[in-house]
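When the chains are written out, they are named A, B and C in that same order, and each has its own residue count from 1.
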Amino acid sequence: MLDSETNSATIADPKVVCRDVSVSYSGKQALFDIDLDIGSHQVTSLIGPSGCGKSTFLRCMNRMNDVIDGCVVTGSISVDGVEILDDEIDAVQLRRRVGMVFQKPNPFPKSIYDNIAYGPRIHGLVRGKDELDEVVQTSLERAGLWEEVKDRLLQPGTGLSGGQQQRLCIARAIAVRPDVILMDEPCSALDPIATARVEELIDELKRSYSIVIVTHSMQQAARVSQRTAFFHLGIVVEVGETEQIFTNPRDERTQGYITGRYG
Amino acid sequence: MTDREQSTGIAVDSAEVKHARKRYRAERRFRMYGVAAIAAAAGMLALLVISIVATGWTAFYQHSIALDVTFEAKVIDPKGGRDPSVLARADYRKLARASLRKLFPDVKKRGDKRKLYGLLSIGVDQQLAELVAADPSLIGQTRRVEIYASDDVDSFLKGFIDREAPESDRRIKDKEIAWLDKLETDGAITSHLNLRFWTKGDSREPELAGFWGAMVGSFFTLLVTLALSFPVGVLAATYLEEFAPKNRWTDIIEVNINNLAAVPSIVFGLLGLAVFLNFFGLPRSAPLVGGMVLALMTLPTIIIASRSALKAVPPSIREAAFGVGASELQVVTHHVVPLALPGILTGAIIGMARALGETAPLLMIGMVAFIVDIPGSVTDPATVMPVQIYLWADSPERAFVARTSAGVMALLGFLMLMNALAVILRKRFERRW
Amino acid sequence: MPNSDAHIVRSYSDELQNISALVAKMGGLAETILTDAMTALVKRDADLSTQAIQADKRVDNLDAEIEYQVVRMLALRQPMAVDLRSIISALKIAQSLERIADHAKNGAKRALVINQSPPMDATRGIVRLSDVAREMLRSVLDAYVNSDAEGAVKVRDRDEDLDVLYDGYFRECLTYMMEDNRNITAATHLLFIAKNIERIGDHCTNIAENVYYMQTGERLSTARPKGEDAMGLKAE
């Protein structure tokens, strides 16, 4: 247990609890004994230089690393008290509970409607066309996209602008009613206006979901998150309230990173 | 240096400019080489096509000699029973010869008579039998019938035999020319589209030989090839690309597939002979075995093409599908394979086109036999288009030269059709992501 | 500079250094004005007074320059953590220094008026006050330049001494006024000067708190040492 005075890796009422999480790719260790809690109904941002392991850590939480050959994850990650690294836990079911949005908007090359409907369909979450229509509409509404696309639901999702595509991907993620949404640099391919829309959406969504976002933009982390964790060389250097991290970081390395100094 | 400092912008005659000019010259030269290379290739192709068309186009029409044939009942059906088997076996040649004799009453000598009869195709009896079979009421009547000219006469009428050449060098002698001239002035010689070529099987007689049998044989063979190699190839590629662990075994398999693609096709023929014919005892000369051999040959091509098509599907689509909780099979069947399908189909069609043009392995399994009948199923003896071309090219008769080229044209036509289909499929189903 | 490590973007470091150099320069100028004003008062030197009054304009200009630089950096560099704190502190310290220079200038102006009256003993008493204030100003500027949070805390503690001195001087002036009512004009002016000096001490305390925050990221506890003032009012 870390000292909560200097490093608040643990919090009261966590949604996801990660303890001693280590990851190695084909024998090369990428993450070392990560302890981190993800709070309910708040945004946690993971920052750090490229290759520090923040994306790897994010992918542990919905076991996307399973897909990669030679990737070994050890330690414990529990979502709502359920240990998800157990072999008995079905990764497919887990990924319904823990959705993901990727760096590059990646809608399926299908219609907007089918993009949203795909998840509910394969998980058997809806009965009948009416219910599916409703899920599609509410998901798009929650993603703030409904007004823009309601007249062209049957047109391909790939025809939307980059920002709209990313919001479509968010709508697709929330269509399966997850508890946690993981976002891997969701705005890195977007212009500032589209970024602002997505950030506003994240702010809106945190009421219903627990959100973890990996970002290279410290301003973005500062704008959208309540808690921030700084990763460096595969460890968590510092975790804390976002405000504290950005005004008064306790660790020299954090300070060096966020102020842009040689570390 | 001072020079450069003084000039405010673009110097006209500095070393830099000279260097730039040199670069542009090199670029222009390079482009010229490229254009020359393409022109050379296009020229060769044009030469090939022109030479084939020039020799082959005459095979698409044919000459006939119109005769007033009296369908004498006592020759065709002496008993009057109108029994089809009796009608089929009657001596129709006699009727045609009688008509000829009527036209040229002064031909008396046996040798001359044979020459006179030789103006007509040997298939005249078959031609008349078909007419009677179609309409038995013809018996007893006299009708003007257009009877195929023999291949030599046809060649003569198409201008391949020089009238001025010494008689001993010609296959058509002076007497025959005189008869033909008379027939021509009578208006008895007609030329028409050669429908037989597209509707009949092979024959020893060029004027009767058709390509249809080979086309049907090719169709059955390719059907078998497609039915075997496409599902097996796509499944193998999908498994290797999406599911198989990456280890030494899969590496070995991959290397072997690539090697297999480079194996000469005759080897597959030998394999087919040893395994399918000798060991399993499957029928010789049948499209079934041909298709199986060609399927073996096409399989590596399809696997390699399918794998690269699957590889080209961006990983972001897989991630997206995994991200919403699709299982591995769902990711592959719902997203990856449909996106790779245009590429897979293109690969398959190109493999099929190669199989369509393949000859060597089929020679090994006996599909080189002379077959007159149109095959009705995959187990009937058959030949295929390229083998038919090979057979005709081997035949001595003058008229087979044109037929060979006509066969090549038909084959090229089918190949172009298949390639066009591949392009259309790719354009039609190509998706952007 | 609060942090010796260089930024990856060198011009960013240069700009930060520029701001703190401006603050240090401004502090030096404010200190000179204070010294000159007090010397002019004691030595009855009208020229020096005028010089001090003139110098205040330069302080105002520097304050405007620092404000401009701070706004510019906030907009263009989006500073974080220690950089953010040092930039904000620079802005606030510059404001305090500007007030300090104002108070000192006011002293110089009053010195011109006092010099119209005959010399009086009370003038010397004010030197004790101004020496403490000047010492505080100098120390706090040293603490700023050397990024010395401890030094800043010490400066803050000295404000109490100044308050005590001020209270004593207040009573002294009252005594002079009661002694001879012709002294009232000069003594009142002296009293205002003393009040100004006491305010300078408060501003030094503010600066010290800003230096401490800039260095540590924490605020000093608000329970700041404060004595009972001469009017018998309890400080909050």
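Structural remarks
Keep this in mind: contacts are C-beta pairs under 8 Å (C-beta built on N, C-alpha and C of every residue); 3 or more make two chains touch, one makes a residue touch a chain.
What you see is a predicted model; the values in this text were computed from it and never measured.
When the C-beta contacts at A-B and at A-C are tallied, the pair with the greater total is A-B. Comparing each chain's Cα centroid with the centroid of every protein Cα atom identifies chain A as the most central. Separating the CA-averaged centres of chain B and chain C is a span of 102 Å.
For the pair chain A and chain B, the distance between C-alpha centroids works out to 59 Å.
Separating the CA-averaged centres of chain A and chain C is a span of 51 Å. On the side of chain C, the complex with chain A involves touching residues 3, 5-9, 12, 78-85, 216-218. Listing the residues of chain B that touch chain A in their complex gives 245-246, 314, 316-327, 330, 334-335, 339, 431-433. Across the complex, chain A meets chain C through its residues 218-219, 222, 246-249, 254-256, 258-262.
The residues of chain A lying in touch with chain B in their complex are 62, 64, 67, 69, 92-96, 99-102, 104, 106-109, 118-119, 122-123, 158, 169, 172-173, 175-176.
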